[in-house]
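In what follows, subunit A forms one complex with subunit B and a second complex with subunit C.
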Partner chain A sequence: MNLPIREQSGVLIVEVGGRIDHSIAEEFTRALEPLLANCRQGQAPVLLDFSGVIYISSAGLRVLMMASRQAKAQQGSFAIAALTPLVQEVFTISRFNLIVPCYASVDAACKVLGK
Partner chain B sequence: MSRLTALAAALLRAGRGRLFPVVLLAIAAGLLHNIERTPLHNLQAGQFDRYQRLQPRQRENEPVIVVGIDSQSLVAHGQWPWPRDLVARLLTRIQAGEPLAVGLDFVFAERDQHAPELIARRLPGSAHLLHGLPDPDAVLAEVVGRAPTTLAVVGLSRELPGARKPLHPLPAVTMDPAATTALPHFASALASRPELQAAAGSEGFINATPDNLASHGERGILRRVPTLAFIHDQPYLSLPLEMVRQALGGGQVAVDQGSAGMRGIRIGDYHLPTQANGELLLHFGKSSANYYLSAADVLAGVHPPEIFASRFVIVGFNSIGLQDRVISPLGDSLPGVDIHAQVIESLLEQTALRRPHWMPLVEMSALLFGGLLLIAAVPALRPRYAVFTFAGLSLSLVSSGYLAFLAGRWLFDGPSLSVLLAPVFMALLGSTLIAADARRREAERQLQSSREEAARVAGELDAARKIQMGLLPDPEKCFAGEARFAIGAVLEPARAVGGDYYDCFMLDRQRLCIAIGDVSGKGVPASLFMAISKTLGGTLARRHDDLAAAVHDIERELSRENPAYLFVTAFIAILDVESGTLDYVCAGHDAPMLKRGADILRIDTDTIAGPPLCALGDYPYIAGRCTLSPGDLLCLFTDGVSEAGDGGELFGTQRLADCLATLPDNSPSQQCALIRDAVRRFEAGAAPADDLTLLLLRWNGPLSGY
Partner chain C sequence: MKQVVFWGTRGSLPTAMTSHDIREKIVSALVTANGRSFRNRAAIDEFVDSLPFAVSSTFGGNSSCVEIVADCPEHIICDMGSGARPLGQAKIARFGVPNPQTYHIFVSHLHWDHLMGFPFFTPMYIPGNRIVIHGCHAQLEEAIRLQMRAPCFPVDYSQAGAKIEFDLMTPGKPHFICGLNVTPKLQLHAGDSYGYRFDSVDKSVVYSTDSEHKLDDIESFDEFIRFFDKADLVIFDAMYSLAEAASVKSDWGHSSNVVGVELCQAAAAKKLALFHHEPIHDDKQLSRLFAETRRLEQITRGERAPLEIVSAYDGLIVEL
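Coming up: the complex of A and B.
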């Protein structure tokens, strides 16, 4: 799984796209691993740009939950931005915005997270 | 043994399967270079004979007449050797027809036994009777001297008793000394008596070189005859060529020579191609008896003298008893004298088989080209096409041999090349097949192991599915005879087992607990977690009076042992079946639908919903409350319904709402089945990705009896 990375206002922005379901969950976990390893206190916050994600299943949510837990344990900052309507609906139903901070757009997130 | 085969296979496959074929090709080239020393030489000679049989030389006119000493002649005139005055009479008859040249295919080496003084020696006292009788040798010599006559000479490799040198060598032949060494050289010869030699105009040798006389059980086939030989270092032509030279007036003979030796011989205007050693590869014509005359008939004057006019006449043996026969490449058994006739015809037609010194080079090039072509092509092709390639190559080599012969009497050996290329091809094909076999075995092994793996996983999933299904209550059995409400439920696991569950049980006589849940992820861990969630949910809901506190407790208990970080979305509700009051907690689950008359409503979870169980581990859930009306139908579902896809679109909550709205008024179990069927129809055969779970609860209102 290819995750293009860019930096904006001191925030590490990771572009995620496509369907995040059971079949890709493991790959998604592995792709996030190196980013999360550096997501700790004093390091750049990690922001997933979800504008390209068209669907997320419970397996995908589980990956986000674990990523969030790891970031929290390392006192790092981990968030998601720019959810598409369908994904937003899933987040709303599952209340995942209580687990991972969600922002309307990348810019909005950078304003909060960036320095 | 297996080590030997492994070694052979390794050898065959060395250098990507090309090293061994290259070695074989090199060996094949070596064999072709020394083909005379291999059994292939017989194959080659046989093939050249086959060309001749396919197209023998056409014999259109008959420039030669053979006067044969045949069985009839021996009966009429007695045993051979005849008295020479009889031979002289025969010669006189022939000369009367004024032939172009006459050749005598025998050697008169000794004196005639009928010479008067020899008889006198055997019969003492008869000398006076015999005195005055003519000497037969002298008579023959006198007749021989009358017209151009060529005598036969036999070249000998060593001095024998009675050997005699011939007297009439060719006028000086200009030849490269190096080229002459390849020609036959005879140290000695057997020639006719000096008075005959002196009378005759010329002499020609009658040696021939039949093939493989020594190595063959059968008699050798005569394919080649020498044209020019040296006897006592003097050049001589063969008898038939010498006859032609005499007929042309006895001019010079020119030798056509190149760097590799002799290439041809020219007599007057007639040219014949030869081998480097001066041998002529005769193109044989079919044998014929037309030009054979019996010596007895000629002596008896049966034929008019004109029959010999403007012809070459050879006198020779044509009798089984005299045993001078050869086998031609056409398979004919011919009297030796016939060869002379064929040589004269060939010279006059200027035709001979052609196998110049560069022909073996052409064959070598063809072999190497064909071999390298195979080495390049066969490993890259499928075995079927590789076989076609070799078959095509062999066919074109063999047929080009035939075409070369038909086009210009060229002798090109196609079959030997095919035979030499066969081992190269077989080695290539062998290594290709071994590689293909190894690939096939590897593929089979992988297929087998993936099948085993699939079977193992399927077994696990099957077990997980059984656990999952075994835990689910059957609402129809549980609430048989219940009039206040009715429940229907369906759970259809997907192929990759998920972790859906539902539950329904009475907390006491008045309170009904219903629950639906979906464990994140799939497979065995999810289904086991589902089992724990369901059991724990049931236990703790019974223990607590407050639903929200119960759910809070469930989450804490579940999170205690959750190494895989699974979580569960769930909707748990308690219905007071008397009053219709519904208390509920939503943990990240889809809000259930409510069918009230013709309206489809959603249970309001917006304000009270929390995250899935175990997502945070210690979330303080809040319970919501609403009141059902009698006849209300509550619909709990998982994303196996709302997110069922047909490959593009999702089923969605709107379709579910529409489906609910149109449900007929029968039992919740039947209604569940109808909704399930609608979802499956929408999927249109696409394999479901997730478990499909539905729970329908219809509240009929309080019992009228109370």
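Coming up: the complex of A and C.
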């Protein structure tokens, strides 16, 4: 799974796209692993740019929850931004908006998380 | 199979509405009426029917008990929660005494909320009736007897007038009962629980409650897709939100509306009944969850045929 990375205001922006369903959840986990390993106190916050995600299943949501937990345990910052309206609805219905930090846009997230 | 009748739909603990809840419903109805007058009862009924379900009705509070009406004279029941009391009363009212009946009861598991209605199931006290209790737990008979033993209950199990039999079923194997193939399936729940798939010649119903689905267990996910395959109705444990089930209430043995939709969509099931409602949810919250679940199905449907969603309530009849 290819996750293009860029930096903005000291935040590591990770572009995620397509469908995040059961068939890809494990691959998604593996792709996030090296990024999360460095998501620690004093290191750059990790922000997933979800503007290209068109669908996320329960398995995909679990990957985000585990990532968020790991970052929190390492005292790092992990968040998601720019959810499309339909994906935003899935977050709301599943209540994952309450357990994974979400921002309306990458810029809005960088204002809070960045330098 | 013709119908499924929901006699108890609440999870974990029977739940009564409070006077506050009823007052709020009356106030909401009066606010909506806005001073209008009604010329007769029919006009009142028409107005009440126009109100939101959470105002005009209630999901009810009896714990799990579901009846499957099949094309045979015998009765098929899933679980003996507190909904078994009104079910038993309805059977007595319909068939009278003496008029021997046979009841097949399929027990998902032995937790209290799924057995507590049995001592209040009046047909068990009437000689001539036959009750066959089907299940997969080795302690099935002991658990039924235990709750009717002093000091738990004033009437001992030995006082049962009906002939009571126990049938220990084998998970994964179809059993031919009442003209139906009944297949139990092991589910993830403390002390194990079992779902049941009922197949007639032309209809299929799945009763799957008290079942946790681990989101990273793809193999189990695939097993349940096969278990639900093309079912006309899947009765599904949707007690928690997905976030709760995956985090703070992980390992509590229950599932969510989101996983119910995903499994039913993948299985090409026709109808999903949200079931085993959280006791702390009032009618407004359950109505909101119902609306959200329908919306979730809509936005994730893709090219698939629509999956009809219902939220089970005490008294709901689903025609198959």
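Keep in mind that, in the parts below, the second predicted complex is superposed on the first by the 115 of 115 C-alpha atoms of A that agree within 3 Å, B and C clash if a C-alpha of one lies under 4 Å from a C-alpha of the other, contacts with A are read in each partner's own complex, and residues count from 1 in each chain.
What we mean here is this: contacts are C-beta pairs under 8 Å (C-beta built on N, C-alpha and C of every residue); 3 or more make two chains touch, one makes a residue touch a chain.
This is a predicted model, so every value here is computed, not measured.
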| item | value |
| --- | --- |
| Simultaneous placement of subunit C and subunit B on subunit A, clash or fit | clash |
| Which of subunit B and subunit C A:C110 touches, first, second, both or neither | neither |
| Touched partner set for A:L36, first subunit B, second subunit C, both or neither | neither |
| Contact residues common to both interfaces of subunit A (with subunit B and with subunit C) | 22, 25, 57-59, 61-62, 65, 93-96, 98-99 |
| Residues of subunit C that touch subunit A when the two form their complex | 215-216, 218, 221, 241-244, 246-247, 256-259, 262, 292-293, 295-296, 299-300 |
| For the subunit B and subunit A complex, residues of the former touching the latter | 496, 518-522, 565-567, 569, 587-591, 609-612, 615-616, 619, 639, 643, 689-690 |
| Touching residues (chain side subunit A, partner subunit C) in the complex | 22, 25-26, 55, 57-59, 61-62, 65, 86, 89-90, 92-96, 98-99 |
| Residues of subunit A that touch subunit B when the two form their complex | 21-22, 25, 57-59, 61-62, 65-66, 69, 93-96, 98-99 |
